[in-house]
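First subunit A sits with subunit B, and in the next complex the same chain sits with subunit C.
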Partner chain A sequence: MSYSTHTTPSGFLLPSIHAAQAFYTKQRNQQTQAIFTENWSRLILAYARHKRLFTLRLEDAETSGNPWDEIFRNTRINRRLFPNHLSHILQDMVSKNLAVYDPPKQTSSVLLFWRTPEEWADVLYEWADSTGLMNSILTFYDITEPVVPSQLSDIPVAILRRAINVLVKVNRAQLIAVADGEGVRFLAQTGR
Partner chain B sequence: MHRLGGVGLAAFERQQQSQKSFAELSNELSQTQVNHLHDQLAQFRNALIRFASTHRDSIRRDPKFRHEFQRMCATIGVDPLAGPRKGGWWAEMLNLGDWNYELGVQIVDVCVSTRERNGGLIEMGELVRMVSKLRGVAGGVVTEDDVIRSIKTLKPLGAGYEVLDVGSGKKMVRSVPKELDEDQSVVLAVAQEEGGRVTEDLLISRRRWTPERARAALENMLLRDGLCWLDEQDEEGVSYWVPSAMRWEE
Partner chain C sequence: MGCLKRYTKPVDGTIPIPALLYDDEDLLTSQEGLGIYDGTQKSLRHQSGTVHATTHRLFYIDNSHPGSRSFALDLSHISRTEHYAGLFTSSPKVTLHLHSIASAGPSSGTDAVGNLSPSEDAFGTWECEVCSHKNPPGLSPAASSVCSLCGVPRSSVKPPIAAPIPSKAKASITSSHHLSTSLPSSSANLLALGSSVPPSAGEVRGENGEVSCPACTFLNHPSIPACEICGTSLPRLRNSINGHLPAKSAPSSRPTSPFDNDDDDDDSDLGDEGIRMIRLSFRKGGDKAFYAVMRRGLLSKGWESKGRRDGTTASTPRPNPGGISQSGINGLLQTVNTTATAAKTNMNDALQDLEALMVKAKDMVHLAEELNERLTAINAASSSATSTAAASASSGPNPVEPEEATFIRSSLSQLGLQMANAPVTLDMIRDERKWVEELARELAGVLQSGNGGTGKRQGVWDAKLQKDGGMMGRRGIVGLDEIWGGWNRARGVALIPPSTFLQVLPVLPAYTSPPIHMRTFVNSGISVLHTPPYTKAAFASRMVSLITLSGPRTTVEVAHEERLPIGLVQDMVDEVEEAGEICRDGGSGGGGGGIGVDGTEVWWCVNAFREYVWDGQVY
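Coming up: the complex of A and B.
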């Protein structure tokens, strides 16, 4: 048999290492595990982006029937990723700022940064600009549940807040207290 | 009565005279020989230049022709890469020097870029495939023979590239200066037979090893050398996978 890429029913292209039996075992050789961890985190982020998944929990590797089955289970070779292995991978991703434990102070659930907060900030600012919402006060809800679906639909508030903070630092946004919580105002760039 | 050489001062002069003419004759003779050799060399060079210009493309493009050419050079004791000048004039005229060095660089490229995955051990077939892919269609066909020859030219660099015979006609190229012991070579050979998978039981039944020996060899390859991967979900319990013996398609 040979090890090749494979396209899942949802149209995601799995790398050839996903067909390797040993990829699902936590390696005792540190160097080998580092390679596996890197491949897993790349795979997780690419898949999350493909399916627009923001959250990953350890249980997703425990039970089947969730959106992660396509990558955590390989029925063609009868292998699966176990939660303790996933936990190790998540820890590494958090240490490399590719994910963040959310809620904080636990280690069984993360938010995935398949776009960095800086990249989300650009998306956010362009969205506000193109929809003519510069200088208006928006609630977080206006952004995460827009009338016209956008790239930001359903974005977790924790990620949104990071993106806004990036913009605040460069004076392109302002955090504002509104009646039912927090709001934001995007500021048009002047003098350029 | 005269003795042949005579006596006295006159005889001495006569002897000197004849010695001189002998020397002159000898000089003349060697000069002719040298000239003759020069002529031969010039002829040889011309023939070579003719050969090179006629066959250069065939040598670079056609692996079978190249192989025959290399063999011909070997039988007459000429190294097509060696010579008085840098690269040698064979190499220069055939552009074979560049060709070989270029191939060497590509081999190093493939070995280094796959080292993470295979621990510095690559199967010859895969190496040839990947080098060919790197060269593209325009680069012509490269054979196992070319790769082996090129690896030999890498030797003076001391990078430790070596071609290993792992049995049943299979070869591997090692690009890390790690000595493989005999047991590891056996494990590699079994992995080759099994598409990359090795277990303690396979080593015990096929090679009549003791369980201790099998375990030690596999553990060393796994932990010390990073030359194989562990699979704890194997249907038979635990297995080891040698990535360089697995067939990757990318």
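Coming up: the complex of A and C.
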């Protein structure tokens, strides 16, 4: 039996496996389930990047009418992903550092790393460099809500902090306490 | 002289001691060569005998006249004991100081009095008036005064009317007569405590000492034992209600010194009733051991363990909470336990019989063979006889009627003892390996051709087997339990135990065509025998091609397709899933939340994703 890919109204290309009925059911066979989990996490991350979604909650699979409908529901074959299956997938993603539970110590909501903190750090540094903000002190708000929309617009503070921490470790940024919270100063690399 | 007479009961010493004991009485020790002193004087009639100490009594069995001179003494009468080691020609002695009769009473009301016939009281069966339990005979008087099942005292339910119950009342009467001259107050006390009638019922008295009948309240003259109006036996009159065992203090206050016993001054002071002691003179030694055992018996108060409870329940309506009893719920549980034990014993006996029968199986087969041969011979002889009889016309009657012969043979065949198809048994073939092989051959017959070792018999089962061409003639996969049952059914005798059955299975493929193998499912633990089309691989490929051709299928549909039980197919499908050939689809309902737990329909799809490569959006 062959399945075909499908493009959603929002322009996202769904993989062919998304059209397979069994893809939505949790498998008892561990190898089969591993394949399914891997493809689900890839699908989730790709879609999150497509839609610039940073958080995913279990309720998103439960109820309709949220941005995730396009991948969690397949009305063409009348199948949908169930929360307990999604929970299993999220657990796997967290264990592979593709996501973190946020807030911590619960398992119903995750922060998705469709870019790893290292990749985000590069993006951040590039952005500071290209916008001429090197060596000036920026608050987190300046970064997440820039006047000119950037790749970093609306980035959750938790991810931003991780990215900054990556930069701090290699001496390319410095965390500074400012009046209304925290600030960061990007340092120009002497070697660059 | 009075002590022996008053405190002891004559027993027939010709009866062996164990037969004299109550059911709840144990023999502790015995010592021969004893003489008895009644008080301080030798009792001339009891000078050579054996004394047995039990938990309840002391028996003296006379050597020369066991039938007439033997007696028994209740340990409950004994208040103190003394041991005298002996000096020069004087033998060691044990002195038994006795309670006055009245104070010994409460704990064992009936046997306080010697002249109560034991055969009437202790050794009779009686029925409890509350629970109708038939109490067995043979218990000690103390124990038998209470129903062993429900614990209700024997006669407290209603005032005694008929013969068996008034035994206590009778005892009371006789004792009061017997003792009234010397011990009026204490005997009355005994009556009050030992009385079978509840106190509340019998205490109403008229001004002149009339006794109120507990049944009709008529005031009877105090000396009448039974009500004049209705005949109910009356509670006995009490003369002194306040007198609390006045006689009990007598032994302790009475100055008795062990070394004064040779003097007769006690006798003169207290009279005949005063000397309440009996001495055992150990002519042949053994006194120390005997004395120790007897003292232990006295201290443990074996006669009281039940008697005390009886005393309390009889005198007060309040139950004794701490009493370890044979009655009440404990008694019921104990009865149940006893019944269960008996049933188990019976079952064990029956199983042993069965094993013995199995051992004899070979003999039976031989016997049948012999009988068969003999019948054949006789038949042949008789047929030749009839042929000659036609010529001579004067031959005697045939030794066996043909009808009888037929009957015997058909009986034998029904029993499965026809020699032509006797089942293989262990003792027929010595070598175990060969035996297993023979069994495998037989089983192969049962499975595939319908005529195993015993298949020639005429029976519904065999007919069905033959029609189907064996148990696996039409089916390719059958549960092990069914095969085992079917095989034993076909054998009829000398059934194969499961252990042997499992031994046979590994060699089975060599004797079957197509080879039949055993297979055990991991999930359910069920074992089956199957033909080659039902191996894991063969079934998997068949199932995959089925769902490839006709789309997803449920387990039920697959079972229908395979014409197999659903449970069996479920196990096989599970193994195919385990191999990763197929994957599950819980349907639009998610199969119980996506898991596809049992109870919701699961559709099986080909697992086409093992080589899947991402073909969606890429960044």
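Just so it is clear, the second predicted complex is superposed on the first by the 188 of 192 C-alpha atoms of A that agree within 3 Å, B and C clash if a C-alpha of one lies under 4 Å from a C-alpha of the other, contacts with A are read in each partner's own complex, and residues count from 1 in each chain.
Basically, a residue touches a chain if its C-beta (ideal position, glycine included) is under 8 Å from a C-beta of that chain, and two chains touch if they have at least 3 such contacts.
No experiment lies behind these values; they were computed from the predicted model shown.
A.B. asks: For A:Ile35, is the partner it touches subunit B (first), subunit C (second), both, or none of the two (neither)?
C.D. replies: Both subunit B and subunit C are touched by A:Ile35.
A.B. asks: Let me test your reading of the model: by the given contact rule, A:Leu14 touches which partner, first (subunit B), second (subunit C), both or neither?
C.D. replies: Second partner only, subunit C.
A.B. asks: If you tally the residues of subunit A touched by each partner, is the higher count for subunit B or for subunit C?
C.D. replies: The partner with more contacted residues on subunit A is C.
A.B. asks: For A:Val147, is the partner it touches subunit B (first), subunit C (second), both, or none of the two (neither)?
C.D. replies: neither
A.B. asks: Just to be sure I read the superposition right, which of the two partners does A:Thr25 touch: subunit B = first, subunit C = second, or both, or neither?
C.D. replies: both
A.B. asks: Taking the contacts subunit A makes with subunit B in one complex and with subunit C in the other, which residues are shared?
C.D. replies: Touching subunit B in the first complex and subunit C in the second, residues 1-3, 5, 16-17, 20-25, 27-29, 31-32, 35, 78-80 of subunit A appear in both lists.
A.B. asks: Which residues of subunit B touch subunit A in their complex?
C.D. replies: Subunit B reaches subunit A through residues 116-117, 195, 197, 222-223, 226, 229-235, 239, 241, 243, 246-250.
A.B. asks: Touching subunit C in the complex: which residues of subunit A?
C.D. replies: Spelled out, the residues of subunit A in touch with subunit C are 1-3, 5, 12-18, 20-29, 31-32, 35-36, 39, 42-43, 46-47, 49-50, 78-85.
A.B. asks: Which stretch or stretches of subunit C touch subunit A in the complex?
C.D. replies: Where subunit C meets subunit A, its residues are 548, 551-552, 577-578, 580, 583-588, 590-591, 593-596, 602-603, 605-610, 612, 614-619.
A.B. asks: Taking the complex as given, what residues does subunit A use to touch subunit B?
C.D. replies: So the residues of subunit A in touch with subunit B come to 1-5, 16-17, 20-25, 27-29, 31-32, 35, 78-80.
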